[in-house]
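Note that subunit A is present in both complexes that follow, paired respectively with subunit B and with subunit C.
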Partner chain A sequence: MARTEPKKDVVIVGLGWTGSIAGIELAQEGLDIVALERGHDQSTVPDFQYPQQIDELKYGVRLKMMQKPSQQTLTVRRSGDETALPYRSLGSFLPGNGVGGAGTHWNGLNWRPMPEELRLRSYVAENWGEDIIPEGMNLGDYPVSYDELEPFFTRFEKVAGISGKAGNLNGEIQEGGNPFEGWRSEEFPMPPHRATWDSQKFGEAASAMGYHPFTASAGIASTSYTNPYGMQMGPCNFCGFCERFGCYQYSKSSPQTAILGALKQYPNFEYRTNSEVLKVETAADGKTATGVTYWDEAAQEEVFQPADIVILSSYQLNNVHLMLLSGIGGPVYDPVTGDGVLGKNYAYQMNGGVSLFFEDEHFNPFVGHGANGIALDDFAINQNDFGALGFIGGSYWRSGTFNGQPIRNMPLPSGTPSWGAGWKEGIGRWYGHAMSIGSHGSHMAYANNHLDLDPTYTDRHGRPLMRMTFNWQDNDLRMNQYMKSKMEPLAASMNPDSMQSGFKDVGAQYDVRPYQTTHNTGGHSMSETAREGSVNRYSQAWDKHNVFVMGAGNFVQNTQYNPTGLVGGLAYHTVNAIRTQYLSNPRPLV
Partner chain B sequence: MKTFLRILAGLVLVGVIALLAFIFVPVQRTQPATELAADWQPAEGQGKMVLDAGDCVACHTSDEGKSLAGGRAVASPMGTIWSTNITPDDDTGIGTWSYADFRAAMIDGVAPNGTHLYPAMPYENYRLMTEEDMRALYDYLMTEVEPVSEPNKETALPFPFNQRWGIRAWKWLALTHDAGFAPAGASDAQDRGQYLVESLGHCGACHTPRNAFMAQDGVTAAEDSFLTGGVVGGWNAPALRGDAAGIKDWTVSELADYLATGRNAHSAANGEMSLVIEHSLQKLPDSDNIAIAAYLKGMDGDAVDLPETLAAAGPTATPEAEADDAGADTAEMLVSADPGMPLGARLYSDNCLGCHFASGKGAPGIFPELQGNSLVVGSEVSPLISVILNGAELPATEKRPMTLRMQGYADRLSDDEIAELATWLRGAWGNDAGPVAAADVADVRSGDSTH
Partner chain C sequence: MTDLPGYPSRRNFLKGSAAGFALTGIAASAEAQVEAPVSLDEYETEYLNGAEWAFIMAATARLIPSEGDGPGALETRVPVFIDRQLAGDYGSADDWYMEGPHAPDAEPARGWQTPLTPAEVYRQAIPAFDAWCQSSHGASFAELDAETQDAALTSLSEGEVELSSELRDFWSLLLSNTKEGYFADPQYGGNAGMQSWVYIGFPGARAAYREWPERHNIEYPLGPVSISGERA
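Here is the complex of A and B:
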């Protein structure tokens, strides 16, 4: 150990959304805090500034904002029979890098889970009996309810600056909102966005079929906005450079627009970049952590940072990896025996969609934003009859242009040549004439999808890589096929010149190469008892009471929505518990 | 003939004696109108408030230096003047100054050794301070500030400005007003605002034009030229009263927001004003910024409503404004996206419209309005050019902790293009200001301009 830093009250590992939330809420308590960030510092200007940011090749294709596999990666296999190999070229999911983390390069799709999703095992048992739960599915209840989390969802939405229209205000269904959502104590902090032409067409077709379309909620500012910390957003100009990009317009919800400037005002807070945490150190009695060891890239040395409270707020994959390396979060899960908890309940997302081509329509795909669109929840988890349908799950649908970037967004009718003169002709004929409808579906946790340490491969610090064992499961694939069977008639009702579907079917194997989604969840899941998960209802490690673990790794199974809203709500729930219960008397809170 | 020479010699002698007397006979210090009791104590926090409101830190601290230890270069038309160490260090600061010494510097512009201070030190305005604030500030500097040993840099202006006795002559012309503050009596809040504006805040030092002798052409609201706009270092300090005032369409509340946070529904602070906000105004109590705003809006007799708070915590969602009548034609042209638009409008569409919108109204609190913006339509064009070339940064303030930066376009637009764009901006949405030449842009780009 080359160096030991003076002790802090709190060390935060990873300065993205949840690290920033923990930082500012605990800084308000007067605690002495240091945040350690593996990546570089970054601000709207100069790092995301116009026009340099509007570079699809650099950011969209070459993934300038993402974690580099040489920096950190994991190995992947589809089953225990395969040998996992390193994820050397980013494809299926894109972990972020640098201050702000994935909160800088997301699309801004901010959703709350449905109340039923947080008590899904009980919901299933009450309505259809536990017998319908397929063999090998780890269906669980979250140890915290929607009602308990509601104030924290609201808090996060105010901080992050979310636009939308409430569909359920304190139980009263509201015109224009999502009638199937969980209750909200308040209206969204910003009004919903205006609709682009494709989403209008979709909304009209959906209404005609008796569905309940509404404007999707968005972590994209629809007006000028000032949040409770005094931080600001500017109204979005629909430039369409959201996912994989930082927002040059101060329009996208991010730690940069919502928290960091306010956090930096606190003299009791500091952050160190290019500081990668290697291990959480534990006390001799094993009941607490003593701090973290990190790699100081500038000094090229290991540093011990002692602290009374350790907050793990890096990306889900990195949190689980760090816990595996540090012996925090309980015994490692074994899929053969079913024993152990850490690495269990890894889940993902099951998505599909339909592309529609209209020779005579002009969709101007370059006008849009990452959370643009009209959505519907008529096939959501709380709308589906699992017993009759033969699966547990659901999805939300959405249609709205999100970018017209030329390299990656040139949808062409099937049969169009993929190169040469025929391709050029196809581009000329179809660019701007296509729209799509997406299905964003739930993904359950299963006995054989899990995370552990790889026996072979190591990272640049000599630590074992984490190993992901993951494959699609029939339950979710059946759900996906059901969405196809419902979405195609709706698409056809819009009378496109042609349409084509992309829905994985039963038998599909997980392919780590094409991008799917960066919604990796579970692995240090929360639980009612220490026997079932790694952390309790306050995201406090069952086995080390001064370690709190943020993020989607807490999920029991994934919801049908993008995870950020639940991640943000849980983070505020956790820091509230630290502030009101833990600081005055540090102990296991459950 | 002989008699004539004798008379002439006599006159020369009298002149020389008078001159010598002028140079060497000490100035009579202005005595306080009210003597405070020796055991008088300032209210809690009063000294710090005076220090903040007077913005002492901004000039008396260098970029890398310790607070109040001096060493900042203050540009003047005569050359660089170095601010001095005002920490209570005995050797290099003001540790040996008596209260009377301190008071004389603040009110008469004279150091204890009789040296006349350059009027870069705004004693024209501090002259109006109350005796209580003067004492509070002195006590604060002497007891609350850590002494710093930091020798002063010698200010060396060229002849004749290095002849400090000349400042004595200048003071005959400039310090014609009585010391002490005379409230106009509009309301308690407006009187407080008047005091902060005229005296501690020394707003007139920039916002009042200078007369032929480089003195402020008026130091109180009673004088017509007071706060009708000045030019400082190539930047317009805009008029704060009259029809030319950019703030004439702002509400008291909006103006108070601007003072406390550097931003409001219309505009964002820039240049020297952003330093004033960062170092001084954001630290004042809300009631003082509201008072200043109320005074400025009501100084020519208009009735004012006092807001109770300013820059309230969010969440607050404010839609951007649509184009108004004056800006409708420009907005319509921009939205038409006609390729035949003038080059300036096309450059605006490609580079500026995303934030400032076709309306030219920007977005409240974050992207400044360009229609009627004093920086856009000012007599001085180098600030506008500078912002386009180099961008701008609005500092974090307590109530609005976001550092807002606009990126520069120096690497993207040529001198000709920036001249086209700036010229177009100065005529768009009803703006009515003269053109900008490519040579002006070249000067700013190369650093030859005053800015």
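Here is the complex of A and C:
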């Protein structure tokens, strides 16, 4: 080891959404903090400036904001019988890189989980009996309830600056909101967004069928807003360069717009970029961590950063990888025996959708934002009769333009050639005359889907890559097919010239090439006891009490929603526990 | 309407837009280009050699032909885009994990598994495909007539051209790089004069539509701007 830095109270690994939350909340305690970020520094000005940011090729296609596989990646196989192969170029998921992490270039679809989703095993058992749980499904309860997390969801929504309309205020159903959501103690910080033509049409068709549409909640400012840290946001102008891009004005909620400007004012907070953490070092007694070793890109040397508290906030995949490499988070899960915990419960998202073509209508698909649209929850987890339907799960539906950029967004009616004169004719005829409805569905945890270290492939530091074993499972595919059977009649009721569906069916194999979601969950799941998971209800590692692990890796199974509302709520729950319980008396909190 | 710092007033665009919108092809590009770039015949390639350039010119001209409404790949200078992309960090797969062992025979759903970079795939696949054109159609691809070229590309797209597994993604690369060049911002060498954007009605880098969400079912009237401030 070439260098040892002076000891800090807290070292934060990764400065994305959760690292920024940990940073500012612990900085308020006066602790001496350093955040180590693998990627580069980036701020709204100058890095996301107009017009350089409005570049589909660079950011949308060449993915210049994302983690570079040459720097860090993993291997993937679909079952224990396959040889895992490296995820060499990005496709299915796009981990973030650089200050702000994926929080910089996310869509801003900010949802809370349903209360039932956090106690799903009990909910199933109470209503249908445990017998309906398919073999191989690790259905669990979170060790923390919706009611306990509610203040922290509210806190995250205020900080991030979320626009929307409450559907359930303290148990009272509200006109215009989602009537099926969990209770909220307060209205959204900002009012809901205006509806674009596609969402308007979808909402009207849904109402006509007796469903309950509402404006999707969005981490996108609908008005001017100042958050609890004094950070200011201005209304979004529907620029359409949102997902995969940094916002060129201060409208999308991100670590940059919501936290970092305020955090950098604290003299007791410091951050170092191009500093990739390689390992969490542990004390001889095995009960605590002593700090982290990182690679200082500028100095081209390894550095030891001692600290009293280690916060892992490097995104789900990187957290699990670091824990596997460092021996933190309990014994590694073995799918054959079912023993072990670390790497268990890896889950993803089950999505599908319908494209509708209206030759004589204008959708202006470039007018939109990442979380635009009208949504409905009539087929959500707490609305479905699992016993009768033959699956456990649910989805929310949404329609709204969010990216009309033509390289990636050129839906054409089936039968249109993919090249040549017919293709050229097709793009002229159909661009701007199509809309879509998406189903965003739950994904359960299964005995066979897990993470461990790869036996063959190594990274540029010579460390083994992480290995993902993952494939689609029948339960979730059946859920997806059910959504298809319900969505197609709704789409047909809108009388498009033509329409086509894309819903994976039973038998579908995981394909790493097309983008699906960056909603990788589980792997360091939270649990009631150390035998079932890697961290406790406060995201504190069961085996090293001064290590707290943030992010969707904590999930027991994935919810039907985009993860960040729950990730943010859990992060505030964790920092609250550190502030109110841990600092005065460092120990295992459970 | 917000005016962009350093840019001519957007209100002025409105006036020209009705006419600009109807223009396609050469006319729009002539209006938009400040300085005419060298013709494709005189273009000096950065990566592709002579035979490769001839192939890319001929192949992209069939993938997005000039006939019919809307510009083709040649009017929009897609070959220049491809050449520059292959010369750059995309061509050399700088961002990708390229360590071995490689399993190029793996199922396509397992992703990019060839040991070759995109630039190397083009380098090896073009002569292999040309050799196939020779034996199946009697001439290299660039020398075939348009109809036979289309037939050869169809065979390539349907996997009927024997290529080693290291090269099997050649078709999908060629097609996606061609469409990228057609639709990307003109600073990358293709989409000359933003003709493809004018053709489909994409406003390019305007990226400011505050009044537009509730303008339901009304066609957006303004032509595109590019990152460098070109208008069409």
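The rule is simple: the second predicted complex is superposed on the first by the 590 of 590 C-alpha atoms of A that agree within 3 Å, B and C clash if a C-alpha of one lies under 4 Å from a C-alpha of the other, contacts with A are read in each partner's own complex, and residues count from 1 in each chain.
Keep in mind that, in the parts below, a residue touches a chain if its C-beta (ideal position, glycine included) is under 8 Å from a C-beta of that chain, and two chains touch if they have at least 3 such contacts.
Just so it is clear, the structure is predicted and the values come from calculations on it, not from any experiment.
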Go through the superposed model and pick first if A:Gly286 touches only subunit B, second if only subunit C, both, or neither.
-> neither
Of the two partner chains, subunit B (first) and subunit C (second), which one does A:Cys239 touch, if any: first, second, both, or neither?
-> both
In the superposed arrangement, which partner chain does A:Gly387 touch: subunit B (first), subunit C (second), both, or neither?
-> neither
Kindly classify A:Val367 by the partners it touches after superposition: subunit B alone (first), subunit C alone (second), both, or neither?
-> second
When the two structures are overlaid on chain A, which partner does A:Tyr50 contact: first (subunit B), second (subunit C), both, or neither?
-> both
Which superposed partner A:Gly338 touches (first subunit B, second subunit C, both, neither) | neither
Winner by number of subunit A residues touched, once subunit B and subunit C are compared | C
Can A:Gly30 be said to touch subunit B (first), subunit C (second), both, or neither?
-> neither
Subunit B/subunit C common contact set on subunit A | 50-51, 235, 237, 239, 248
So, in the complex, the side of subunit A touching subunit B is made of residues 43-46, 49-51, 158, 161, 163, 189-191, 222-235, 237, 239, 248-250, 257, 261-262, 264-265
Contact set on subunit C toward subunit A in their complex | 2, 4-5, 62-65, 67-70, 72, 90, 93-99, 101, 103, 106, 108-113, 150, 153, 157, 175, 178-180, 183-185, 188, 196-197, 199-210, 212-220, 225, 227, 229
So in the complex, which bits of subunit A are touching subunit C?
-> 50-52, 54-57, 61-63, 68-70, 73, 76, 83, 85-89, 91, 193-197, 200, 235, 237-241, 248, 361-364, 366-368, 372, 404-407, 418-421, 423-425, 427-428, 431-432, 456-458, 509-513
Parts of subunit B lying in touch with subunit A, wherever the complex brings them together = 311, 313-320, 351, 353-355, 363-367, 391, 396, 398-407, 412
